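Below is one structure. I have some questions about it.
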Amino acid sequence: MKEKNNHKHAKRYGMVIDLDKCTGCGSCMVGCYSENNVPFKTDETNKLDSINWIQVYKITNGKPFPNTEVCYLPMPCMQCDGVGKHGHSPCVSVCPAVATDYDYETGIVSQIYTRCFGCRYCMAACPYHARKFNWWDPVWPADMEKYLSPNVSPRMRGVVEKCSFCFHRYQLARDKAYYEKREELKENEYQTACAEACPTGAITFGDLNNKSHAVYKLKNSPNAFRLLERLKTNPKVYYLSNKRWVRRAGDNYLAHEEPAKIKQKVNQHH
Amino acid sequence: MKETPLIPAGVKRCSTWQFSLWMTAATAVLAWGVYAMILIWWKGLNQTNMNDAYGFALWIWADLAIIAIGGGAFFSGFLTYIIGKKELKNIINFAVIIGFICYSCALLILAIDIGQPLRGWFIFWHANVHSMLTEVAFCLSCYFAVLTIEFIPLILENPKLNKKPFLHHLSHNMHGIMAIFAATGVFLSFFHQGSLGGVAGVLYGRPFAFREHIFIWPWTFFLFTWSAAACGPCFTILVTWITEKITRKKLVKQSVIQLFAKISGWMIITYIIAKTIDTVYWAFVTAPGMGFTLMDFYASPTYNIGILFAEIVLCGFIPGLILITKRGRENSFLLMTAVILAVIGVCLNRWVMVLQVMAVPVFSFNDWYTYWPSWQEVATTVLPVAYGIIVISLAHRYLPVFPQEKELNPID
Amino acid sequence: MSSTDPNQTVSTEAAPETAPTPVDHEPETNDSPPSKSSGWAVFLFFMIGFVGSILSGWILFPELLYSKKDQPIDFNHAVHLDMVSDECNSCHYFRDDGSFAGMPDLSSCVDCHEEAQTDDPEEIKFVDEYVTPGIEVPWLNHSKQPDCVFFSHSAHVIGADMSCESCHGDIGTSEHTRVFEENRLTGYSRDIWGHSISRLGKPEAGEPLPMKMNDCAKCHKEETGHKGACFQCHK
Amino acid sequence: MKIDRRSFLTYGTALVLGGAAGSMLTPAPWKLTDDVAIWTQNWPWTPVPEDGEITYKQSVCTLCPGGCGINVRLVNGRPIKIEGSKDHPANKGSLCPMGISGLQYLYGPSRVTSPLKREGKRGEGKWKKVSWEEALTAVAKKLAELRENGRPQSVACITGSDRGTIPNLIGRFLTAYGSPNYIRSANAQDAIEQAIYLAQGKQGTPGFDIEKADFILSFGSGLLDGWGSPGRMFNLYGNQKPAKKIIQIEPRLSDTAAKATQWIGINPGTEGALALGIAHVIIKESLYDRNFVENYAFGFDDWTDDNGKAHDGFAKMAKKFAPEKVSRITGIPKAEIVSLARAFARASKPIALNGRGHGSVPGSIDESLAVQSLNALVGNINKPGGISAMPDSNYAKWPEVNIDEIASKGMQQPRIDGAGSEQFPNTRFLLNRLPEIINSAQGESPIQALMVTDANPLYTLPDTAATKKAFDRIPFIVSFSPYMDETASHADYILPNHSYLERLQDVPTSTGISLQVTGLAKPVVKPLYDTKHVGDSFIHMAKALGGFIENAFPWDDYEAFLKETLNDQWRKFKRKGVIEIEHNLPEPLAYTFNTVSGKFEFYPTARNSATQKENSALPSYTPVPIEGDVQRFKLVLIPYDSIRLASGYMANAPFMTKTVDDTVLKNQIGLLEINPATAKELSLKEGDTAILTTPKGKATVKIHLYEGIMPGIIAMPRGLGHTAYSEYLADKGTNFNELIGPIEDPTSGLDMAWGIRAKLTRA
């Protein structure tokens, strides 16, 4: 055994979402629902009690016809590294019962449904609304329980859940690697369900620390940005867009501020 | 009267039927709350109107507010036993009872508020020491235990109980060491009142709540403790006044009230100055650093800048100024106005730190979030009021809560 | 009206019989007789309750908490272990994707047990009731973890080179199945919590180790230096 | 010791206190506290999915005509997830949300789990479970009765597709039985197919080589909203985005428009004029492909027929569509039209295509012809990166059907829908005309028995009220739907087919794709319920009817039939799941056309021009009529399609409805998109409830202000407002088809209505 916890080789799994490629089709959402046993109700139109681990927002540039533009913005859990990259993500530090923690090996923020007792402090802490509460007991009508995946535990009423970056896929990939006596996973061995489901390939997933992974290069694009970077949440989900208004919509700026300069300033602090 | 042996000697109480009627009314309201509570425990939090954007709502506000206004207990203890303001002994019993009510309700509301009540103990067993909520839970429970201990000798002073030598001595001895408990209570209160400030203040993902540098520690913690110490006594005065009105007799000498009010006034003034400094730094440094102007936070019809004015000026400076001036304190209308404003002020502050924090959109493309409590939430929030009325009524009727009552209301 | 003193309650209730009109001091006599006579008796009752609950808590409670079930077939591990080539792995094997197959299904048994090989009534029962009609045996899994747990056998057995016995004890050499004890409230096998209900003391040699989360965490802490992140073992 | 009531209480309390104190020293309270928490972690009503071996099965999705390859993940043989198959040449791993939701159809609450016989009134929802024997016998008996009465032609069958072996098997059944009334549901391909047939003389599905094209001029086609094979379109968009220019022309900023290089708003129904305006500029500026137009095209210039009659050519007609005029019609600035024409003509592989939204409404033949003329002007026909007519992969070779006299008589009757008649010689199916024909018939309905499979006309046909009225006049309706859809719930018998994941089926070339790919949908799981393959049902009925009909079906079941059909390809097919036939015509050959002139006909001589202006077959522009009085109905209501809403015969799965934004559906009410300026004129605000009225119907809607829609136009999605299925779909929003009626194209009879006049009043 003696598999020591080695922070040097730690991975930082992250995502780069190309908003110019995202067509808003919703395949990522459906892919996620079916991968992660996300329940559904007869009425899901109140988006504030609808469980989505990745939610596609529709934003517009606000200009009148015919200069209107629309951009779709898929938002999974940002898996924030938090201030100082120490796993001090907004939610992890507030959970009173350690039902959510930061995995230093992967950089993934967990959510343990059986530990959570439903105080919802983490939801108050998360500016991305990535965390969803199980207001109801989940119900799968007719024979639908039969399609539930054994790799993700169905949640009970009264607990918080959120995107796990399909951590169970990492677990299964690790199983295979152990079996084949390998230390490292290949890039394509561990992909999230949304990245796989995205029919336009807008979502790229990989280890942000690994120079050979596609995300490493993409995140350094001049068109890359993260949501609400100024809050110093340090998310691991990056976005790409060649549209200025889209990049500006990703954060809050005072009238005179220029996003690119602010971004530089914020990143210097990290 | 059959219950006469239970009533303290030398005081007059209303007739049994009057009391029963009063209690029946209060119990009916309590039952409504209990029904809602059971409904929530049975069916889950879908009985509320909270949602994923409003994970913290009316209950957390109620929690924060009742803990703040229950602050009269620890602060009067602090003044009486540590500073040595012995006059306040004439009101401290009542302050302790109010504190007891407030804290027991705060714990009850927390138990209703969590999605998995049967796992509630995880907060102690699997505690995350970094979480403000953990700190709050621990201190709240400990302080509630202290308040219970402080309440017990008073209960034992019931004439019937006090006749038992064992209980009589117990009561007596407990009184003797009450200063230690008062000190413990003060210590714990400083922690959890402060931590409650931290609950919102540490949310660095919420620009409306977040404070940086010294404005989170110790400032926000300090603000919460200080405001509870300032406004808790006001609530004690207010409830005393209400009790006096209902029982139609004077229970505490005006000099005691005046002293309490004066101290409270100075506390309010100092608190509100500190709060103003905090607000200014937040509005002009912290928020712009995150891309927000002050007015961004007050851009909704509900949450407009009037709220800030109400909190700081109307319910801050004004009551503070009234209470620190002798003429203001001595005019009973102004005194009560100031006391009520101060209580509203601290409740408003807690409201803003819970409800408005949730309402403010963090994304430029999101709208303000709105929330309206369900009847179940309202009922369970009214429950503590009914419970408080019942406990106070019982306490007043059967316990020698007000030492000056006999003197002020001699029975001819 | 609430109070912790039982006498108190009595006197309130007794009140109606005595005084229809307001009297300042109710006679104290009401209180005295029982307090005089009850001192030792009260203590006695207290002790009865005290000792009684200690006994029932330690002896009766575990009996009530767990239901007992027999395995559908009295399986003889020892006999099988002698015959197979690859020890436990012969039946409890890894799939090619690294996942652990756990309890073997009927198809693993059919090769040898198409027909009964001995006149062992258990084997005959197995063939008649399961093999012939093609029904999977509903084995009761002593080590079954709840749904929220992801346990990687390959991480432990292959990655860390641990033996099966180190957690499961010497089940491999057992000749009979054990009674399966299931917690009536949680559905957990008793093995998970550990057979000592107080969780005091260590399991004896050959006994399976308890498998609650603290047990995992303890070993992880010893072996890897820390307890590990939640997602290492949760799903 | 005397135990009276008082001491009893005292001792009792002591006992309890002692007990409580003692229990604290036992494991009981602590273990119970923990166990109660563990109980909440394993509540018996929270499902625990069974673990097991993970395997994968490849198949083809048939939820829409897209025919994408799917990869189904199974645990212990239990399907748990559907992902796109990377090996399939059409979608290459990409899949739309509907395809991913597939298992919800399989296991869902709207499955019909056994044959049903209607008990109460139609649509009442009272059913009796019957055995297959009983149900099939009852239907066969009814069919036999109609034949005995010499009216086999009064039996009609509505299907969703006319390609592949299942439709062929049903067609064969109807032929042997003696009814010409095999009717396929309409789609946008109908008009394009016919336009291609008229211009090129080739019957086949239109193939657009979007893979290789570099400039896509889309007249409202929802290329990224579910058009064609969605998996393929998304895959292309994602992989080739920078290499392509996409110009989207439509009145509303759809998702396709949002992702296009440029979006041009256009007055609804005027797309044909724009196409001709673009042709005008191309011809005027001599930007067209001279080689193609001069050598391989006919009717570009004026010409004289054999009778000596002079006809205008396309060039002359296009001349009438100067940008100024087109600008007035379409609302697009003149300069925009000119620059668009230049960009289109100068691109190396430009494609123009039409067929709005998902492509479920045929539209005007004039418009399709005008658009096809654009492709001809740039000579991008039957070339890589161009458009072509894909011949049907003709693998189905069965023995000739011998029919008896009754059948022969029946087959000689005209089709009830008028397709192929003198009036509509080039049209094959006209389902949209059916309700009107039945409703206006004197005496009893010309259709006495209707069979429906893979179609849901009661939901998808325009003018739902009229359709329902017509269906009520049909005495005998049989549905083969696996799901309780609107049509099934109005049937007399439901003979449920297997769901798509339980049945065997060949899936011919995906819509719009320029490859010939035939997929094989293989069952990934054994049928869960008491259902039967629709092919088997027909074979069974044929055997029950006996005689020539029985003889036409010498197969035991559908599988045997398919096996024989595919012959030696069966094994390869079964193993691989797809057959690909490369469609690469060598270039000179590509310009061979089967028209009378042997050329590409800008002037389609095969077209019935009797109803056209000046008796000309040229693709002239007449605005697509919009029903409704302009004074009474000041707004124009158009539908829009979204990939998150299935509007065809398959309805939304719960997962898809879950993704629908709250700006589309809120609780049970659908939202209507309106430009803020228009809303202001009507004093309507975001979220207001309003009554939407059209000449055809009324609906309650909520207002959603959207800058991305032209002023004066209002839009609502198709795919909502179901009345059947389960509570996860029924009674949510409004069915657009309740608000619109069909408008017949004068030369094809196809439905070309896309919008209808409407008014909005505050509720």
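Each chain gets a letter, A, B, C and D, in the order it is written, and its residues are counted from 1.
In this section, a contact is a pair of C-beta atoms (placed from the backbone, for glycine too) under 8 Å apart; a residue touches a chain by one contact, two chains touch by 3 or more.
Quick caveat, the model's predicted, so the values are computed rather than measured.
Taking the CA centroid of chain D as reference, the farthest chain centroid is that of B.
Looking at C-D and A-D, the interface holding more C-beta pairs in contact is that of A-D.
Measuring from the averaged C-alpha position of chain C to that of chain D gives a distance of 56 Å. Chain centres here are Cα averages; for chain B and chain C they lie 45 Å apart.
For the pair chain A and chain D, the distance between C-alpha centroids works out to 34 Å.
Centroids of chain A and chain B (each the mean of its C-alpha atoms) stand 39 Å apart.
Multi-chain contact residues of chain D (touching two or more other chains) are listed as 36, 39-41, 48-49, 51. Each of residues 46, 98, 113-115, 137, 154, 156, 158 in chain A touches at least two other chains.
Residue positions of chain B touching 2 or more other chains, listed in rising order: 116, 119, 122. Chain A makes touch with chain B in their complex at residues 46, 48-49, 57, 59, 83, 90, 93-99, 115-121, 123-129, 131-137, 156-160, 227-228, 230-233, 248-249, 251-254, 257, 262.
Partner chain D is touched in their complex by these residues of chain A: 20-21, 23-27, 29-31, 33-35, 37, 40, 42-47, 50, 52, 56, 58, 60, 62-66, 68-72, 113-114, 137-138, 140-150, 154-156, 158, 196-202. Residues 94, 96-99, 146-148, 150, 152, 154-155, 158-162, 223-226, 228-232, 234-235 of chain C are the ones that touch chain A when the two sit in their complex. Residues 33, 36-37, 39-41 of chain D are the ones that touch chain B when the two sit in their complex. Within the complex formed with chain D, the chain C residues making contact are 6-7, 9-10, 14, 34, 37-38, 41-54, 56-58, 61-62, 65, 95, 97, 99, 101-102, 146-148, 183, 185-188, 197-199.
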